[in-house]
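You will see two complexes here that share chain A, one where it goes with chain B and one where it goes with chain C.
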Partner chain A sequence: MEEITLKTREIAYKDLSTGKVDRVIGFAKGDFIYESNPTFISDIDELDALVWDSFCVNNLSKYLINELKDVKKIGIFLKGCDSLGFNQLVQDNKVDSDNVLVYGVPCEGMVDPNKLKKDNLLKGLIDIKRSGEKILLITKQGDKELKAKEYEYDKCINCKHPNPVVYSELLGDYITRNNNVVDDFQEIKEIEAMNSEERFDYWSKQFSKCIRCYACRNICPVCSCDKCIFENYEPGISGKGKVDSEDQFFHIIRAYHVAGRCVDCGECSRVCPEGISIDKLNRKIIKDITEIYGEYDAGLNTSKSSVLVNYELEDFDPFESIKGGK
Partner chain B sequence: MKKITLDKLSELYIRISQEYDLFVPSDEEGVVSFTPWKDDSNVDFDVLKTNLSPKSFIFPQCETLFNFKSEGKKLSIERLKNDENKFLIFGVRPCDVKAFHLLDNVFLREPMDRLYEEKRNRGTIISMGCIEPEDTCFCNSFNIDPLCAQKGVDVFTLKIKNNIFWKVETQKGRDLTVMLSGLLEEASEDDLKEIELVKESLNSKLEELPYFNIDPQKIDRSLIELFESNVWDEISKSCLGCGSCTYVCPTCHCYDIQDYDGGKGGERFRCWDSCMYSDFTLMAHGNPRTTQKERFRQRFMHKLVYYPNNFNEYACVGCGRCVEKCPVNMNIVKVIRELGGENK
Partner chain C sequence: MFLESKEEVIIEKEEFKPLIVAFCCNWCSYAGADLAGTSRQNYPANIRIIKVPCSCRVNPNFVLRAFQNGADGVVIAGCHPGDCHYSTGNYFTRRRLTIFTNLLDYIGIERERLKVDWISAAEANKFASVMNEVLEKVHKLGPNRKLRDVRWKR
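This part shows the complex of A and B:
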């Protein structure tokens, strides 16, 4: 990790000082050892702040939308999952890829501080190091080795893209992990197996936990409308009332609006303060798309047109064969 | 000082719930929040920060003000009946109790907010001190003693090992204690000594906390200097403009008033609002704060400058929920530090 940190600083120094980029977006350490935060650097004297470790979980690509209004060229550090989001932003014409240099960082999976906290492992923590599928905690009480899978973010456990799918420069070596894992949508099948009443109850309970902070929307790399319908408070469009109908309206519209564009990065579920598994709704749609149109991973390939915005005569007609949800 | 052993708590809950709607911090699917007590509630007194603060008991996220109906040129307004049940929240931490007091400053001055007042009066608070503060706690920066009852607490408790110690603070608390007679026993001399030991060990625990040196009193620039400061550009950059910090915050109290418009009739309600949102304080001429930087600045100027100007207290209690919940780890601690509020 220290090695990657040095590489991030080196490449940022090289590209900022030669004017290849005007700004870099990366990570800097926060107040805790288990906290790495988005940072924006234009001045080469500030580059010592850049780091790369097991807590660089945020997908930085969405910041490009605003930052590119401010400067012309940006260098950005992206992991595998982030790079899918970046590609989707390019495909949605929200970001011009000519103005971005992607520094790709292969990722072994990020560590979830909340899982460490639940097992009371944050107390006295001095440093944390990751190597392969093991995490080493260095604490005031001594060292402790943990299985990485048990303390990774949920979204990292079955990661399909540990390596960036697009980059100008790659920092570090390609990583192989989860080779044998097949995404069989098990958690979605469990919900599908419910009858319609059980399913309604399940989702009603999930959505009623929502406090409508919109963190899921705002962190999402493909929620990129200039003005969201949920910022239109004309009576009858979207209200701030904390009632089931408004909560459900928000979640269903959000899921449908990212259908076919959701890159399954899992950021929505990660940031939800109420722990709603928002990604399950996205993954249900991904599963349906896969079944109807064949294997399609949003953000994987920008030259291929998006599955739901492209029509061909031979397309499968879901209204003919599936007949609604009941 | 009285006490009750943990194994007798369920009996205590049963007794309380005969008189009050009882709320306890309980763990559901890994999330601890104040929920109505049931036989099978998974009560958790070890988690310090419930997921959301208990402010929604006195200031709900959404509440109906009245219903209205129009017939021809006549408009009729129907006031709703108040809920009359007494409620009791067990296990409110000192920071969250202090937050109630900060909301009182706003809602209980003239013109009095009747909906708020009515809920405040119906509620009884059993507070619980914190003997193991967490890394993200900084209540001491706002002069809150995590082992002392805050003003407004009816009973103050401490959970030490197998006992919950019980100290009456108000008449409401005395009445409750009388109702529970037989369940509570007197604390012994040894118990009192143990409590003293816990109190003595707290200071060194606080001093070790990462945020121990945060001190908003050290912010010494004038309102206008702070408002115009360049730091806002930098520190607001990563803010996503979501409302998690404002909605998990025990002291954020801005609200909006909206209608459900059903054509000839409807409902007027008030609901939490967030200064992070693009329509916050939107009015006929437009929005006075058009950028995220301005909205971000508003939140912290309100907590650290405007509110203190009005009430001589900061509108933050150092609970640390925003520190834990912000998707990008930008929070009030970093803001206070950037504005110079740190003992070095």
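This part shows the complex of A and C:
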């Protein structure tokens, strides 16, 4: 980890001083050791703040939309899942990839401070080191070795893209993660197997927890509209009321708006303060798209246009009741 | 005699009359509905038709809002794929609504409540039969309680 921290500083110094980039988006330590916050650096003197550790979980790619309005060229540190979001932003014409220098960082998986907190491991924490399947906690009381899988973010456990899919320069070596996932959509199938009453109960329980903070929308790399429907309070468009129907409206429409573009990075569920499993909605749509329109991984390929902005004459038609039309 | 007739009225009031909202495309299905009317086809009166320029104009918001504000079933009708007035509109509808109907089913709304069909301007018969079929299915399911806005009153 320290190696990569040094590498990030080195490469940022090189490119900032030669004028290759005007600004660097990376991570800096926050108030606590388990906080790594996004930081925006244009000045070479501030580069010592850059770090890379096991808490750099945010997807930085969405900041590009706003930052590129200020400066021309930006260097950005992206992990595997972030790079998918970046690709999708490029595909949606939100970001011009010519103006961005991507420093890819292979990622072994990020550590969830909440899981550490649950087991009371944050006390006296000085540093955390990761090597493969093990994490080493260095605390005031002594060192402690833990199994990495137990303390990773939920979204990291079954990570499919530990290595960036797009980058100008790669920091560190390629990583292979062995996932023993038999079925990608196991959870979705479990819900599908319920009857409609049970499904509705399950989802209304989930949705009624929602406090409508819109964190899931704000973190989402593909929710990139300048004007959002959920901020349009014209009558009948988006209601402010805290009632179940408005919560359901928000979640169904949010999932539908990212349909075909969701890169399945799992950030929405991670940031949800109420623990709603939002990704299960997105993944249902991904499952349907895969089943009906063939394998399509949003964010992997920028040349192929997204499923719902495209069509084919011979598409599967579930609505045709009588074949032959007239 | 008087008492009997009063009882009848009460029973009639309690009988469930589903409310169906039908989004009909201006060029095909709306004309189909018109033809069904002029050729004296029978289709139920509890269907409220909303004219849209093209079936791909139907935003999923409309469907959700319809369910929230009193509809027991929603029908979306457009031209047959290939016959769209705007050439490609209903190809997009087909993909979008395939995903959206599956999503609603996943949330727990019965599949029978949201019907998508292709009805051309000449298919008065089909229009009437689709509407009758939807009404029958929704009648069997009973009033829709899911997604309903609690602030809404009939």
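Criterion: the second predicted complex is superposed on the first by the 312 of 326 C-alpha atoms of A that agree within 3 Å, B and C clash if a C-alpha of one lies under 4 Å from a C-alpha of the other, contacts with A are read in each partner's own complex, and residues count from 1 in each chain.
Everything below uses one rule, namely that a residue touches a chain if its C-beta (ideal position, glycine included) is under 8 Å from a C-beta of that chain, and two chains touch if they have at least 3 such contacts.
If you're wondering where the values come from, they're calculated on a predicted model, not measured in any experiment.
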Combined model on chain A: chain C and chain B, fit or clash: fit
Residues of chain A touched, compared between chain B and chain C (which is higher): C
Chain B versus chain C as contact partner of A:6, first or second or both or neither: neither
Partner chain(s) touched by A:32 [first = chain B, second = chain C, both, neither]: first
Partner chain in contact with A:292 - chain B first, chain C second, else both or neither: second
Which of chain B and chain C A:242 touches, first, second, both or neither: first
First, second, both or neither for A:212, with chain B first and chain C second: first
Partner chain in contact with A:200 - chain B first, chain C second, else both or neither: second
Smallest distance from any CA atom of chain C to any CA atom of chain B, in Å, after fitting: 7
Intersection of chain A interface sets (partners chain B, chain C): 236, 241, 243
Residues of chain A touching chain B in the complex: 30-32, 35, 37-40, 58, 63, 118, 122-123, 209, 211-215, 217-219, 227, 231, 233, 235-236, 239-243, 267, 270-271, 273-275
Residues of chain C that touch chain A when the two form their complex: 60-61, 64-65, 68, 80-83, 88, 91-92, 94-110, 116-118, 120, 122-123, 126, 130, 146-151
Complex contact set, residues of chain B against chain A: 29-31, 51-52, 60-62, 135, 210-211, 237-238, 240-244, 246-248, 256, 258-261, 269, 271-274, 277-279, 282, 323, 325, 327-330, 333-334
Residues of chain A touching chain C in the complex: 191-192, 196-204, 229, 236-237, 241, 243-246, 248-249, 252-253, 255-256, 259-260, 281, 284-285, 288-289, 292-293, 307-313, 315-322, 325-326
